[in-house]
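Down below are the structures I want you to see.
First chain A sits with chain B, and in the next complex the same chain sits with chain C.
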Partner chain A sequence: MGYVAVKGGTRAIEESIKRLKFERVKKGTVLDVHKIETGMRGLIDQVMSESSLFSEILAAIAIKQAEGNPEEAVFLLRAYRSTLSRKHYSRTISSEDMLTERRISASFKDIPGGQILGATTDYTHRLLDFGLMMESEEEALQWLEGFEEENGQQENVTDLAKLPKVLDYLRKEGLMPECSDDDREPDDVTKKSLEFPSTRSQRLQILTRGQTGALTSLAYAVIRGYGALHPTVGELRVGSLPVCIDNPFNQYNDEDDSYYIGEIKATETEMLIPVTVEKERGKKEIKFEIGYGICLGQNETKAIAMGILDHALQTGNKEYPTGDEEFVLYHIDSVESTGFISHLKMPHYVTFQSKLDSVRKTKKQEAESKEESSLCK
Partner chain B sequence: MQIDYNYAFFDEGSKREIRRATLKAIAIPGYQVPFASREMPIGRGWGTGGLQLTLSLVGKDDVVKVIDQGSDESVNAVNIKKLIEKTTGISTTDETSEATIIQSRHRIPEVPLKDGQIMVLQVPLPEPLRFYEPSEFETKKLHAEKEYSGAWLMLFEQIMKYGNLATDADHPVMVDDRYVMAPSPIPRFDNSKMNYSEALILLGAGREKKIYAVPPYTKVVSLAFDDYPFEVESFEDNHCKQCGAAGVFMDEIYDDETETTYFQCNDTSYCVARLNHQTV
Partner chain C sequence: MNRRKRTGILINGSTELAEQLAKEIVDKYEVIMIEEPNPGLVMMKMRETSKRSLFYLGEVFVTECKVQINRCLGIGILKGNDPKLAHHLAVIDAAYNAGLIETFKWEEALLLQQQEINRKKQSFSSAVLKTKVNFETMDVQ
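== the complex of A and B ==
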């Protein structure tokens, strides 16, 4: 007999939750939230980005509670986010004001302001570092001291808060058309559900909170074979963006009167995508279009994938699933996709009974008609 | 860091927004109203649409009943009930007649619903036309133009292929002669309970971000043809092994020991009530 007809669901749940806690603490150690916050930057950034909630400490609690399972941690944070009322909207943040930690361009070697490699795993050898097994905090502190000393001696000549954009340079050189600002009030997908055809602001929001793996896979499909284009990273930057809000008591909303409330770390990419445009008399010309990606934290693969998908959806070539906005936007949200997949674990006795009835009816009819036809012979 | 949640989990602004969508849904029977569905502390696809409706409506005087596939004690029903109790402090019941709000997954209770009760159904796929038209943009147009030939063709094709209407649960209905609606995966057996129901029926799809409704005393007709009428699941002459009831929706249960199949009421609270009545 199944677990639905049995009385005792309440107790079963209680015991199951105990079991879950047991799994988390059975080795007799407890993970320190502070240590998660400081040592699991990659996971924290991914979880914050997919949850669209910027708070390292809340992400750390979620990761602890989820035992490091990102889909579960994102779920926890999103559910918490639902209960928060929207008290303020920030002023428009311009990404030119990013305090840059890392900034690269794959299109030009020499970019104004220079390439800044920053912190990246890109050029590490992926050899498992067994030394980490024995790493001690004293060692780390000692290393830090040396690192700071070394860094203090270097003189920094570039203003990292005022780096020019690579694409501006391209525009100045006439290699890319100027594009005007779209200053329309953006839609908010958390306050009004998506409707089609979607607006760009809706698409960008859904993409930026999408599941990292889902975005990566779909963008990979675009550049591998379903759209077959090879985009170039015009610029990728990682750094902190200042967030300001208007003075709630001043309706004129002057910039001077606004309040700085903190900063958020983000990854931004501007992808250059070559497209062939037809000119008069069948002449063709190559031109660059932009795909834009931005997400919370340092999530470079995701930001690049977002840039590719932004362009794929902007072009909207329905020949490929990745050009179909409903196909992409409806299926990349972590909470939605994992929720619906996992709901299959719930009992479906009634629906299955109903299906069984249908199958039996069809079978019975089949048998009857066979009988009839054999009688005819 | 300790954080208390607001009454019924949501902030008041969110509740109001959900109620606005609900009012619109009641005003246009069978029409799917998009709403800004919130992420909930239970799984997306595990009843978040129904839960959002319940939490936006529940007041201090309400009594809530939650069932999952007919059972009050099913793990998911218990889980939802626990959340409602924890965030509101109100009481819950198993008795259908005592409840003011009944949240259910895939069943309408056997005890007839009354005026003043609200039936909240959890919906996985609110779009009845989705099987032949994957695009939301297109199905919205089809509804607006009352272009339902696809829905009829779908049933016609079943007759051609299988010799009869082969729908299982979630058999599409026509609401108030206007909108074709997915009644949620209730068995065909329950479809007729929607027709001129005394209680208000609300349907919530959390993941798909839609709310729709069947207001009290609204005509709801299951789609079928004159020569191939709509048929409910048949349990032939079987009676419930526990309470002896017939003419109700039943679970088919296989007994390993005697190696026989027997039937039992699917609506557990109905069955228990009958059993209690018999012993008195």
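== the complex of A and C ==
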């Protein structure tokens, strides 16, 4: 059987795209992009983080176009991002400069600056609130007014922009070794393909833009037994990080002469992982290692999962798949994994027909040899 | 006032201030558009706290504009899609770079705006700090 090249389907594709729009608007309601941006914070943050692009409004448009499907929204944003030029690189951002709105530690009760819960679902009952069906904007505005009055202006003793880091406290106490700045320029996985062994900067960049579900599942596997880790959240903080760029005409890159461009929301975690170290004369000692996680927006599970995987990859125990950087880093990107899996539904007529040909040929040969052997008898 | 502080006030404060300052310049001087407000990206470089090494956190969507006054370039750049504010920021930046006399009188308005930003920040902090946990040790029976 020969292969026949075919073309066609243009009309069907056009009509299929029309049906896609029909499905989105068929009930006669059009979602307001501004409402998506303000009311779907969790999804916006997830899409921005997995797209590796911070822009709430672009994420809202992508979510509307993708009808709330995060993998499609991430695909749309990554595609749009590729049409834009990268104008600048920021000055180094440090989480010490974060204006914190939530900060907790699961390891220490009394952390300098205190445990600040901020906005969290951690202590909610998870009972479906049917009252939301009838919620009106008027009611929401009234509630807001009351909330603002309730808070008023108070003299704050704690400066949320200067909260000390739990790690610094541990380092000062001598419970963790001091660490000096490593100023080597990072690699950029969007400019140069990943090669193994990977660098730390490549690993962190891939993890932070990874798919939330994929990171969470793999980190869960690490704790359940495929990595034998028992981590604790040393510190988790959510807040705004200021972003500045250097003045392109100032060769000294003076901070005072830089341009402030705005702030971005991020979630950062430092996971503390106890490790037993063998000392002289067989004496064993426990020391703590750190797994680092950070991502755009408020994505706490993802940031914690990143911290766990960062440590697993740093240790690199090949006994477990989660210690194999090729296994982890090649499979957690949303566009790469969903793109590959979903491409399987695109026409594969030629490749499948060639496989079918092979099967037919084998069957024919088997039948012929059977026939020959029966004739010999 | 240095550029870092000035751009911080103009972006975080009321957009009316940037509009008003830029108007003072546009009405009086020839402002040449070098680069119309256009979208782009800024890649964010981050220092992690475990090994204190550097890596790229991701990109932020920005609007950027460039203008020239008296042969001095001004850059206006900010997060998000805001061509108008990017233009105002560029004009103000060029005015400072050209050392225009108007800029000497702007300090007071900028400092007033800074006070307003601080007031809002204080109010934000008060609300957030209400969620600070006050631990109480339970009695042992």
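Here, the second predicted complex is superposed on the first by the 352 of 377 C-alpha atoms of A that agree within 3 Å, B and C clash if a C-alpha of one lies under 4 Å from a C-alpha of the other, contacts with A are read in each partner's own complex, and residues count from 1 in each chain.
Note that in this section a contact is a pair of C-beta atoms (placed from the backbone, for glycine too) under 8 Å apart; a residue touches a chain by one contact, two chains touch by 3 or more.
Values in this document were obtained by computation on a predicted structure and should not be read as measured data.
Asker: Chain A superposed: clash or fit between chain B and chain C?
Answerer: fit
Asker: I'd like to know which partner A:Gly114 touches here: chain B for first, chain C for second, both or neither.
Answerer: second
Asker: Quick one: is A:Val335 in contact with chain B, with chain C, with both, or with neither? Answer first, second, both or neither.
Answerer: The first partner, chain B, only.
Asker: Just checking: does A:Arg81 make contact with chain B only, chain C only, both, or neither of them? Give me first, second, both or neither.
Answerer: both
Asker: Between chain B (first) and chain C (second), which, if any, makes contact with A:Thr158: first, second, both or neither?
Answerer: In the superposition, A:Thr158 touches chain C alone.
Asker: Who does A:Asn253 touch here: chain B (first), chain C (second), both, or neither?
Answerer: Neither: A:Asn253 stays clear of chain B and chain C.
Asker: Anyone got the angle at chain A's C-alpha centre between chain B and chain C, nearest 10 degrees?
Answerer: 110
Asker: Check the residue A:Glu366 against both partner chains and state whether it touches chain B (first), chain C (second), both, or neither.
Answerer: A:Glu366: touches chain B, not chain C.
Asker: Just chain B (first), just chain C (second), both, or neither: which does A:Leu296 touch?
Answerer: In the superposed model, A:Leu296 contacts chain C only, not chain B.
Asker: Please name the chain, chain B or chain C, that touches the greater number of residues in chain A.
Answerer: C
Asker: Between chain B (first) and chain C (second), which, if any, makes contact with A:Asp182: first, second, both or neither?
Answerer: second
Asker: By how many Å are the closest C-alpha atoms of chain B and chain C apart after the superposition?
Answerer: Shortest inter-chain C-alpha distance (chain B to chain C): 8 Å.
Asker: Can you give me the overlap between the chain B contact set and the chain C contact set on chain A?
Answerer: Overlap of chain B and chain C footprints on chain A: residues 57, 81, 84-85, 190.
Asker: Where on chain A is chain C touching in the complex?
Answerer: Going by the criterion above, the answer is residues 49, 52-55, 57-58, 81, 84-95, 99-102, 109-110, 114-119, 147-148, 151-154, 156, 158-161, 165, 167, 179-186, 188-190, 200-202, 204-205, 208-209, 242-245, 247-249, 255-264, 266, 268, 270, 290-292, 294, 296, 310.
Asker: What does chain C use to touch chain A in their complex?
Answerer: Answer in residue numbers: 2-5, 7-8, 11, 39-62, 64, 73, 75, 77-81, 119, 121-133, 135.
Asker: Under the touch definition given earlier, write down the residues of chain B that touch chain A in their complex.
Answerer: It comes out as residues 1, 5-6, 9-11, 13-14, 17, 34-41, 43-46, 48, 68-71, 73-79, 82, 105-107, 124, 134-137, 140, 162-164, 166-170, 185-189, 207, 209, 231, 233-234, 249-253, 264, 266, 268.
Asker: Under the touch definition given earlier, write down the residues of chain A that touch chain B in their complex.
Answerer: Residues of chain A touching chain B: 1, 3-10, 12-13, 57, 61, 75, 78-79, 81-85, 190-197, 326, 330, 335-336, 338-343, 346-351, 353-358, 361-362, 365-366, 369.
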